[in-house]
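What follows is a set of structures for review.
Shared between the two complexes below is subunit A, which pairs with subunit B and subunit C, respectively.
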Partner chain A sequence: MELFSAFTDALVRIFHPTILLVTFVSTVVALVFGILPAISGALVCILILPFLYGMDPFIGMPILCALFSVSCMGGSITAILLGIPGDNINAATVIDGFAMTRKGQGGRALGLSLAANILGALASIGISFLLIPMIVPIIMTFKTAEMLLIIVVALLFISVLTKHNRIKGLIAAGIGLLLSCIGYQASTGVARFTFGNLYLYEGLETPTVLMGILAMPVLLELHATGSTIAPSDMTGAGRLSELVGGMKELLRSYKSIWFRGSVIGYFFGLLPGIGGAACVWMVYGHAKQTSRHPEEFGKGAPDGIVAPEAASNSAHPGDLLITLALGIPGSGVMVVLLAAFLMMGVTPGPKLLIEHTTLCFEMLLTVAAANIMGAALFFFGAPLLTKVTRVSPYYIFAYLIPLIVLSTFVSREYTVDMIVIAIVSLIGLFMARFGFSAPALILGFVLGKMLETYLTLSLDLHGFTFFFSSPASVALTVLIPLTIFFDHIQRFLGRLLHRKVELLHGDDD
Partner chain B sequence: MRIRPTGTAYFLIVILIFVLIFLTVSLTYDEMKVKLLPALISAITLVLTVIALTQEFKGAAKTGSTEKQVEETDHKKKEVPLGRFLNAFGWFFLQIAGVYVLGFLIAIPLWIFIYLWKHGHRWWSAVLQGAGAVLIVYLVFAVLLQVELYPGLAWQFFGSHFGS
Partner chain C sequence: MKTLLTLSLLLAVAMIAGTVSAAPSPAAATDSPAKFYQGKVITINTQSPAGSTSDLWARTLAVYLPEITGAKVAVKNETAGGGRVIENAFATTIKPDGLTMMFTSAGTIWPAFMTGDPAVKFDITKFQYIGGTESSNTLIAVSPKGKIKTIDDLRKAKGLKFAASNKTSLLTYANALAMSILGLDGRIITGFQGSTGRLLAIQQGDADGLVTSPVSAARGMTDGVMLPLVQIGTERTKPCEEFPSMMEIVKADTLNDMQKRLIASIDILSDAKFLFAPPGVPQDRMAFLSGAFKKALENPALRAAMLKATGEDIPPYVSGDALSKMAKQLAARKPEMTIWNDVLNKYVK
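And now, the complex of A and B:
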């Protein structure tokens, strides 16, 4: 009953004109900045921090919630239309979203993305409301060994991402992991692979690696081929009807993958430290592994958009909830939010859920409201935005190259980052040319630091028996060979089923 | 029969060298915690690279020429000569070099002007677009986001010599 009254109080609060206005303005800002590459939700939240000192949390929180939850929606627009992820969390959408755009189906891809995004966010907020009373004990089940095994499973999904040549996929992942080792080692502070260079002490920046490996090969190809992103003869592409068609298509044909993407995304959002950037690749791998047409992935498969987009927006409420419940930030953006909470006099932890339930509900409801507002802006703005795909490639190259160089610099204002992106772009170009998986490298790079932290901790705590330290870790250990041999198991079961059907037919005869 | 290595084989050799460097350097660290992951990963990647390289050469030996056994993924990219990609990369590198020397506020409009002009745009249209772009960059990044845009080596040099 108390929970219900807290919920209604929060509902009344978010419909207050001031809160609505603040949420709307923050949503517009988040959407606009989300479109800019390398300007992530976290960065926008950082920039707003100085203005939050002493602000009433009931006004400050909606600003932050709208900023961090809607920026990924803006990022999917550039990921789909230009092949440039607006944020790390949109990186997986590039693969099939941009491929669809190149086939002249940008509007359809945006429709699928929009529906997956908004439905994913709303569903996960619903789950959050239900989970609030029991969240802490659930999360406590996942300790270091389980987290390590989850990361290993996620990395093994890589082999699925490059089915035509798994070895190349694993090599790419290995390179990603090795690149993540550059810089100081977290638990000892020892500098590795820096060769005496102070710049490398902090390691390579994720946005720089993302842009170099994913975005730059696309841009270089645009210049090299001299053709527009989408076929220029498809004049009808990108209409509002196409967008609506894409949204309807999700409800008609991709409900199952949307649901699985949302649940997995939400689950990974709950796990401290994993973050949305890694989870979208895991969901992408899962979608490909379970698809009836895995060969379509990379060439414009709708499930390749639906799954990561559902996961990206579902991860946010889970991420927020766990930060509120445990006071442990689940991702980079949550570190910023945690700082903002403390600045406004709110201390996250189990007590917050009990003592400030209304504030927690208000935050979740603001995420929902901001997503609805963001979706409306996205919906009406998309037809105009799809026109970009038929613009001369030289225009796109002329404007995006300076923007990428600038965004790389903006991340930490180091000029050396610009040299790094040039080198990484060259690697990305050759990887794309010789069939090495770019997503595999990115996933390895994103998960590398976490893998190392959990590996050393697990070995310290359990030795090599960490595989069997709890029922959850045993289940995950069993999942490892299942992931590796999923194809073979699927084929074996298929053959078995086929034989049984044949036998049954034989009996009938 | 003489086997000509493919681009993939050359790239794998580069990876092999890269991984070997990582493995050698990681083994020089004293603490187990520091060397465990890089040594483990580089050893695994080394083995995988050797396997991939062997497959590449075996395939080449079967077909006689490695050029015939190009992968499906390579196929599309092969249609566009590598030179064109390198030309595009040259433009990208020119922008980076320009920013280093002249700073963002000069290099961006100048680069946009040269690039568009070279690609068939009228000179006044290229100038206007360059100016518009730098105005937006200045307003968004310098004014709104309060980012200190890099002024460039030339500006720093002249600033220190003629500034005071």
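And now, the complex of A and C:
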């Protein structure tokens, strides 16, 4: 009853005109910043930190919740229309979203993305309300060894992403793992591959690598070919009806992959440390592995858009809930949010959910409200934005190259990042030219550091018995061969079923 | 053409001359400090990321210093190289005009200097210390749900695992010292992701204990997720003064030579927080800044804001001169600092 009363109090509060206004303004800001490449929700939250000092948490919280939860929606727009991920978690959307845009179906891709985003966010908020009493036991189950095994399972999706050429895929993943080794290694206190440059101590920034590997080769190719992103004869492309069609298509044909993407995304949001950048690639691999048309992936497969988009937006409520419940930030943006909470006098931790239940509900409901507002803005703005795909590539090139380089610089203000993006872009160009898998490199890069950290920790803590250190680790160990041999198992089961059906028919005869 | 070249040359000379004459020279500072700072922008750098304790300190000071100094105050998070880039810049390239300073804790820069980190290009005795706060002891804490409930349990336990993050951080050095002095059997596992990773490790049972700051210990106790046992220091300090210092548990005469040397240089584990400026800032500006910092710390509104933001009741003020003296005393012992690396390597495999 108390929970219900806290929920209704929060509901009344978010409909207060002031709260609605600040949520709306923050949503607009988040969408605009989300559209800018390499500028993440975390950076926007950092920029407004000074203004939050001493602010009433019931006003400050909606601002933060809207900023961090909606920016990835803006990032989807550039990922789909321009092939440039607005945020790390939009990177996987580029592969099929941009491919669909190049076929002149940008509006359809945006429709699929919008529906996956909004439904993913709303579903995960619903799950959050249900999970509040169980959140702490769930987190306590996933210790160091379990985290390592999850990362190993995620890495195995490299084999799915590189089915067409495993050797080149493994080379690409190896390059990604090597790039992740650059920087200071905390457990040994040793700096690696930094060449004495202190700016490289923190390693390479994920947005910088994403821009170099995914965006730059596309822009250079556009410039070289001189063709528009979408075929110029697709005059009707990008109409509102196309967007609505994309949304309906999800509800009609891709409910299952949307649901799985949302659940996996939410689960990854709950796990401190792994983050959305790795999760979206894992979900993308899962979608390809379970698709009836895996050969369509990379050429504009709708499930290649739905799965990562559902995962990216459903990770936020899980991430927020765990930060509130344990005071343990699960991602970079949550570290900033945690500081902002403290600045406003709200101390996250086990007592917050009990003592400030209304505030917690208000935050989750604000995430929902901001997503609805963001979706409305997205919906009405998308047809206009789609026109960019028919602009001359020379204008796009001239505008986006400086923007990407500047955005890369702005995130840390290190000159070295501009040199890094030039080098990584060359690697990206080489890979695109010779058919090496960009997703494999990115998955290797985003998981590399975590793999090393959790591997050394697991070996230090348990030795080689970490595979069997708990029931959860045993279950995950079993999942590893299942992931590797998924295709064979699927084929075997298919044959078995087919034979059974034939036998049944034989009996009938 | 020649005329054009001559004109260009003259223009360039004039511009250089103008720039040189317009540049303020610290040595030639004639304005009174109060007049000098009026309307200027003071930049407080911190090598910690946004949201960290040092960042919250800097941002709180940025709110309260303007009314005392008359200057605007900006905060910059300079995290490159784990902060080494900005620390080195303070020793080499930062202009000593009294408008650029850094907020940090001793534990972030002093151990790196003392133990000979090759990336360090600064000398802690050369910095000009504006002022700071007293150091508090770090503590060993365990999970309240674990088997270890007392110091005796801790000392009797075999194969202890302590969760640590960075091998060369202040907390890991403190952990190694405590293990040596208290005679604990076990090792330090490094690589956990920050304070949250370490806390999660003891809650999940991956590790038996950790070393933490007194503020985190107090908060962890309130939340029921941490049970502090002992302070890592020679005598008790606030805010967790109900817990004994390790030298109350171990008799001084039972220590071996190496342990005595470690205790003699225990200042290396100071977590005093302070503001400092690069060498060469005019003395009148330093005095003005020191006074302003002290006045800001005495402001009840600032103390309340800090308590709200960090959960920390600001420790007593320490003058810049006292900090400078401490740094000099510590630096004098630098040649024998290899013992700290020896004790660290003994417990971190």
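Simple rule for what comes next: the second predicted complex is superposed on the first by the 501 of 509 C-alpha atoms of A that agree within 3 Å, B and C clash if a C-alpha of one lies under 4 Å from a C-alpha of the other, contacts with A are read in each partner's own complex, and residues count from 1 in each chain.
We take it that contacts are C-beta pairs under 8 Å (C-beta built on N, C-alpha and C of every residue); 3 or more make two chains touch, one makes a residue touch a chain.
Since the structure is predicted, the reported quantities are computational estimates derived from the model, not experimental observations.
In the superposed model, A:418 makes contact with subunit B only, not with subunit C. When the two complexes are overlaid on their common chain A, residue A:168 makes contact with subunit B while staying clear of subunit C. Looking at the shared chain after the overlay, A:456 reaches both subunit B and subunit C.
Contact with subunit C, but none with subunit B, is seen for A:199 once the two complexes are overlaid on the shared chain. Contact with subunit C, but none with subunit B, is seen for A:143 once the two complexes are overlaid on the shared chain.
Contact with both subunit B and subunit C is seen for A:188 once the two complexes are overlaid on the shared chain. Once chain A of one complex is fitted onto chain A of the other, the partner contacts of A:409 are limited to subunit B, with no touch recorded for subunit C.
When the two structures are aligned on the shared chain, A:225 is found in touch with subunit B, with no touch to subunit C.
Taking subunit A as the reference chain, the count of touched residues is higher for B when subunit B and subunit C are set side by side. Comparing which residues of subunit A touch subunit B with which touch subunit C, the overlap comprises 187-188, 456. Listed in rising order, the residues of subunit B touching subunit A in the complex are 7-8, 11, 15, 18-19, 22, 25-26, 29, 31, 33-34, 36-38, 41-42, 44-45, 48-49, 51-52, 55, 71-74, 77, 80, 82, 84-85, 87-89, 91-93, 95-96, 99-100, 104, 107-108, 111-112, 115-116, 119-120, 129, 133, 137, 140-141, 145-148, 150.
Those residues of subunit C that touch subunit A in the complex are listed here as 49-52, 55-56, 59-60, 62-63, 75, 79-82, 84-85, 88, 119, 161, 165-168, 189-193, 196-197, 199-201, 203-207, 219, 222-225, 305, 308-311, 349.
Across the complex, subunit B is touched by residues 36, 47, 164-165, 167-168, 170-171, 174-175, 177-178, 181, 185, 187-188, 190, 192-193, 216, 219-225, 394-395, 397-399, 401-402, 405-406, 409-410, 413, 415, 418-419, 421-422, 425-426, 429-436, 448, 451-452, 455-456 of subunit A. Interface of subunit A with subunit C (complex): residues 46, 49-50, 53-54, 139-140, 143-144, 184, 186-189, 191, 198-199, 201-202, 272-273, 326-329, 335-336, 338-340, 342-343, 345, 347, 349-351, 412, 414, 453, 456-457, 460-461.
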